[in-house]
Amino acid sequence: MATAGMRRGGTALTLVGLAGLVFVYWMSFFWVSTEINQGVVQRIFYVHVPAAWTSFMAFGFSALASAMYLWLRDDRLDRAALCAAEGGLVFGTIVLTTGPLWGKIAWGTYWTWEPRLTLTLLLWFIFVGYFMVRNSTEDPEKGKRFAAVVAIIGALDIPFIHMSVIWFRSLHPEPVVAKPDGPSLPADMLTTLLTSLAVFTVIFLGLFLYRYALEGLRAEADLRSRSTAT
Amino acid sequence: MTRLVLEAKGLAREYGPVVAVDDVNLSLGEGEFLTVFGPNGAGKSSLLGMLGGAMRPTRGHVLIRGQRLAYSDVEWRHQVGILSHRGFLYGQLTVEENLRFYGRLFGLTDLDQRIPERLERVGLADRIRFQVRQLSHGMRQRLSLARALLHDPDVILLDEPYTGLDPSAAGVLRGVLAGLRDGRRTVVMVTHNLKEGLELATRVAIQVSGRFAWEGTQADVGGEAFERHYHRVVEGRS
Amino acid sequence: MTRLVLEAKGLAREYGPVVAVDDVNLSLGEGEFLTVFGPNGAGKSSLLGMLGGAMRPTRGHVLIRGQRLAYSDVEWRHQVGILSHRGFLYGQLTVEENLRFYGRLFGLTDLDQRIPERLERVGLADRIRFQVRQLSHGMRQRLSLARALLHDPDVILLDEPYTGLDPSAAGVLRGVLAGLRDGRRTVVMVTHNLKEGLELATRVAIQVSGRFAWEGTQADVGGEAFERHYHRVVEGRS
Amino acid sequence: MRTYIDQIRAIIWKDLVLELRTRERIAAMGAFAVLAAILFNFSIDTTSTRPEDVAAGLIWMTLVFGGLLGVGRTFYLESQDNALLGLLTSPVPKDAIYLAKTLANFALLFIVSVLVLGVFALFFGLDLGANVGGIILVLGLGSLGFVALGTLFAAISTGTTMGETLLPILVFPLLVPMVIYGVTSTGRLIAGRPFDEVEGNVRMLGAFAVAALAAGAMLFRYVVED
Amino acid sequence: MRTYIDQIRAIIWKDLVLELRTRERIAAMGAFAVLAAILFNFSIDTTSTRPEDVAAGLIWMTLVFGGLLGVGRTFYLESQDNALLGLLTSPVPKDAIYLAKTLANFALLFIVSVLVLGVFALFFGLDLGANVGGIILVLGLGSLGFVALGTLFAAISTGTTMGETLLPILVFPLLVPMVIYGVTSTGRLIAGRPFDEVEGNVRMLGAFAVAALAAGAMLFRYVVED
């Protein structure tokens, strides 16, 4: 059965990812050189930034799947959007915990009301709204459509977050990697960052597949219970 | 047989665990008049809602003149007129304003003649300046009827049109419906009144628990005997 | 004659320029059952509204058991049950919660038995946990009926109770109404269905343009001939 | 008397069930408070303005807004299937209907305003100190006065029957004195001044709430009668 | 195309007639705006805070909250006799319904926001001078962006069991960028800076409004289909 395979695949990927995470920790704690200005704290960077990008990817994927769902009305697309949104929330939560930890040391405060931070928090809120909308209609189809619309509009927030450090005077560092004239980062740092990004992506995919398979099973069970009821 | 106008293929509608309409198939040609009877909650209104494109089926689909209903397309809506349990009327607008509003949505241009003429026909001419919330129950039903037929649709879906009408208005409605049997229209009517329902029907169905439990034509229906037949069908199935 | 229960003296209701009810006089004793017929807009619902204390008369007044209706007093409301065009139901509450709410307003204490029993009687027992907005039209009407009779009122006012009921529910209603003719209650019913209306009535009135254009008893009404009589009265007056 | 109270309880129960049906409403209000605070933060430049100076105004603004939103819904729920008429033709005194509606609205608004206070204190780093009790009292009285007038106001403007547009305009100016007392006392308490200093204002708020309740209970019947 | 425009006009005409008949929304929004102005007049100590510094923020807060009140009711009117279904089963493209509703809401909100500007200018003694036109433009674009998003999300939240409560939770997060641009430009214009200085911000506001309108027109059909 395809779902069972997917679940097994998901579990396997997650395990691979977790193993990779150990490797990334090793890299970021022992291998990579220490940044001169900030010292050891800067190593949060290798969790913070990949997590942020992974959450962007997850939310973007969720929005894409939502748009496709509205077009094709295939429940599988809706499930994909749902699971991706969940993943996005997980990684978004990581950003929202690592950021303040870093901030406490680098800026002396956990939180300030500053565009990138605020918009990141709001993106997280939007996807909380995504789940609220889903669960507060009595017709599940309607909930799926509403949620899809929220995901699409919510993802439009992502470019704002990325650009916010450039548009507004801001405390948060400006891009050092994702910018038009290429990364300006020592090679070993870049390698660590990209490795970490790869590992996070694998973990996301693993979680995604696992959840997706689970949702598939639940939908099947729903269908079965209904056809026996009538 | 005449050209097919309205078809339903494997139509089903579920509200969560409730199966309101269950695998209904239907094909109606020009000039046909189908009456649907059935107990409360049998799914008749849900069926009409789907036939009129007001509600998406959970499964199956509807065709109008062979074209599958496309919800993003609006052209076919010109051909359909719906009278539902709820009147679709704005209580704070006058009788005239309500019709004018719908007329403009349907792109009608001769509203200055059309509206008074229709109101005359349903016996509301003297209420033209009244706000809808000031109308009595039966007057509201008359107005809903005028609204549903304002754009002269070819496919007409009526959900308990006799509700609240006094005997003379019921007579008028009977006349209007008979007028619709001009061979060019297709009518589906839901009613609980067996007598009124049988009078004009060319085809009759009894819906029970979502399904058509019985279908037949005028000829199958032996006048007085139909009432017993109806009860037998309903009890046999539910 | 039995004791007088419900009286109306020179009752009139105007909405701005519209005279909805015009000088209606009425006196009904225990066990009497009055059916009011009349065209749409004749003022039947307005009359019922005033009899039930839902609406203040412009002129005249209503008496219950010889007491003039005092709008600030609430005691007499225990004796009155109203079924109107609108169901007085909360769409977001369940069937059971709606009845429980009204039961508590009326100070009933045996709701745990009473509610299931009444729902059984109107054939809604299996919908007890449904929210009202999930009910079909006819189910809602059944619930409104159960609500109106929940507190076993002595004076019962019914506005088109057959609306939306399927043939078997109509049969049930007929049974319920027949059960009300136990000599202790007074019923006023408005309907457009001449047959159903005449069946149980001890007295009959035809209201036209606000006034009672004709009043009579069962005996005055010669079965089939009543339809012609009705049309003659209505046309003669309007 | 027992019936009277039971009727009031029945109506409050019904209103709150209707609210709870819209499930996570309290959670929603919490989120709302947070988002409102964020929005304020961006609309007011905290470098040139001290948060303490504006916090009172913002809290009351949210209260008024939330109140208008909540109170406006009261009779909308009733108007759906003409349920209000069902209520009016039942043996419930009109003032009981009014009191029940007011109390149900009060419960909601009070929760929201305390929630808003908490969120603002957190976000703006307000040091409420010993004055928390006083501020909550002020907000409570303010909410009560607001819903007492607001419920009457809503009944009028839902246009039950008599409600043409003149009356809201008459009721509205009544809110102004209350808001003034409320904001001034909240502001002082947030600034850390002792409760004594605002006691007069708080008394006025209390008097206002009581007067509004009494007036509402007396006038409501004329607004809804048909 | 002619029909399309005529359909939009018919819906706007209907909405405005209904609003004029009931004055429900304009009354609520207006009352809120005036109360908010009064609130701040009393809550802000003008010796320590310059009114110019907070006026822009307050105007925008009032706009956002007032807008929420107005937009939330858009679909109430339609739900009374299931009239929305009548609209949806008529041959009107869904985006026309969306645009018409948005424009009708815009008209209301824009009037209210100009009103708020006037009230604030009066109460705080602001000297708007030559920048009045610019400020009104900024408020206009802000209102447009707001209703474009608000109308879409009002349709969503009306369709859920949570009703209006959900609306702020859904729209606030999306509004923040717009509010930032809006407040900054309004603030500078109130302070008497030349329009050139805020032109970039105003462009962004315009872009936001257009993007929101486009997204709304495209996605609305998925919200209302049944």
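Going by the order they are written in, the chains are A, B, C, D and E; count residues from 1 in each one.
One rule holds for everything that comes next: a contact is a pair of C-beta atoms (placed from the backbone, for glycine too) under 8 Å apart; a residue touches a chain by one contact, two chains touch by 3 or more.
Note that the structure is predicted; figures quoted are calculated from it, not measured.
A.B. asks: So which chains are sitting against subunit B and subunit C at once?
C.D. replies: none
A.B. asks: Return the chain whose centre of C-alpha atoms lies at maximal distance from the corresponding centre of subunit A.
C.D. replies: C
A.B. asks: Nearest 5 degrees is plenty: how much rotation brings the CA atoms of subunit D onto those of subunit E?
C.D. replies: Subunit D sits rotated relative to subunit E by 175 degrees.
A.B. asks: Could you tell me which pair, A-B or A-E, is linked by more C-beta pairs in contact?
C.D. replies: Pair with the higher count of C-beta contacts: A-E.
A.B. asks: Work out the mean Cα position per chain and let me know which chain is farthest from subunit E.
C.D. replies: The chain farthest from subunit E, judged by C-alpha centres, is C.
A.B. asks: From the mean C-alpha coordinate of subunit A to that of subunit D, what's the distance rounded to whole Å?
C.D. replies: 40
A.B. asks: Please report how many Å separate the Cα centroid of subunit D from that of subunit E, as a whole number.
C.D. replies: Roughly 24 Å, centre to centre.
A.B. asks: What whole-number Å value describes the gap between the mean CA coordinates of subunit B and subunit D?
C.D. replies: So the centre of subunit B lies 47 Å away from the centre of subunit D.
A.B. asks: Which subunit C residues sit where two or more other chains touch them?
C.D. replies: In subunit C, 92, 134 touch at least two other chains.
A.B. asks: List, in ascending order, every residue of subunit E touching at least 2 other chains.
C.D. replies: 22, 161-162, 166, 169, 172-173, 176, 180, 225, in rising order.
A.B. asks: Taking each residue of subunit A in turn, which ones touch at least two of the other chains?
C.D. replies: 118, 122, 125, 132, 136, 138
A.B. asks: Could you please write down every pair of chains that are in touch?
C.D. replies: The list of touching pairs comes to A-B, A-D, A-E, B-C, B-E, C-D, D-E.
A.B. asks: Which residues of subunit C touch subunit B in their complex?
C.D. replies: 15, 18, 38-42, 45, 85, 134-139, 142, 159-160, 163-170, 192, 194, 227, 230-231, 234
A.B. asks: Going by the contact rule at the top, pick out the subunit E residues touching subunit A in the complex.
C.D. replies: 149, 152, 156, 159-162, 166, 169-170, 172-174, 176-177, 180, 211, 215, 219, 222-223, 225
A.B. asks: Mind pulling up the subunit B residues that touch subunit E in the complex?
C.D. replies: That would be residues 49, 52-56, 71-72, 74-75, 77-78, 80, 82, 84, 86-93, 97, 101-102, 104-107, 131-132, 147 of subunit B.
A.B. asks: Flag every residue of subunit D that touches subunit C in the complex, lowest number first.
C.D. replies: Listed in rising order, the residues are 3, 6-7, 9-11, 13-14, 17-18, 21-22, 77, 80-83, 85-94, 221, 225-226.
A.B. asks: For a test of understanding, state which residues of subunit D touch subunit A in their complex under the given definition.
C.D. replies: So the residues of subunit D touching subunit A come out as 22-24, 28, 31, 35, 38, 41-42, 46.
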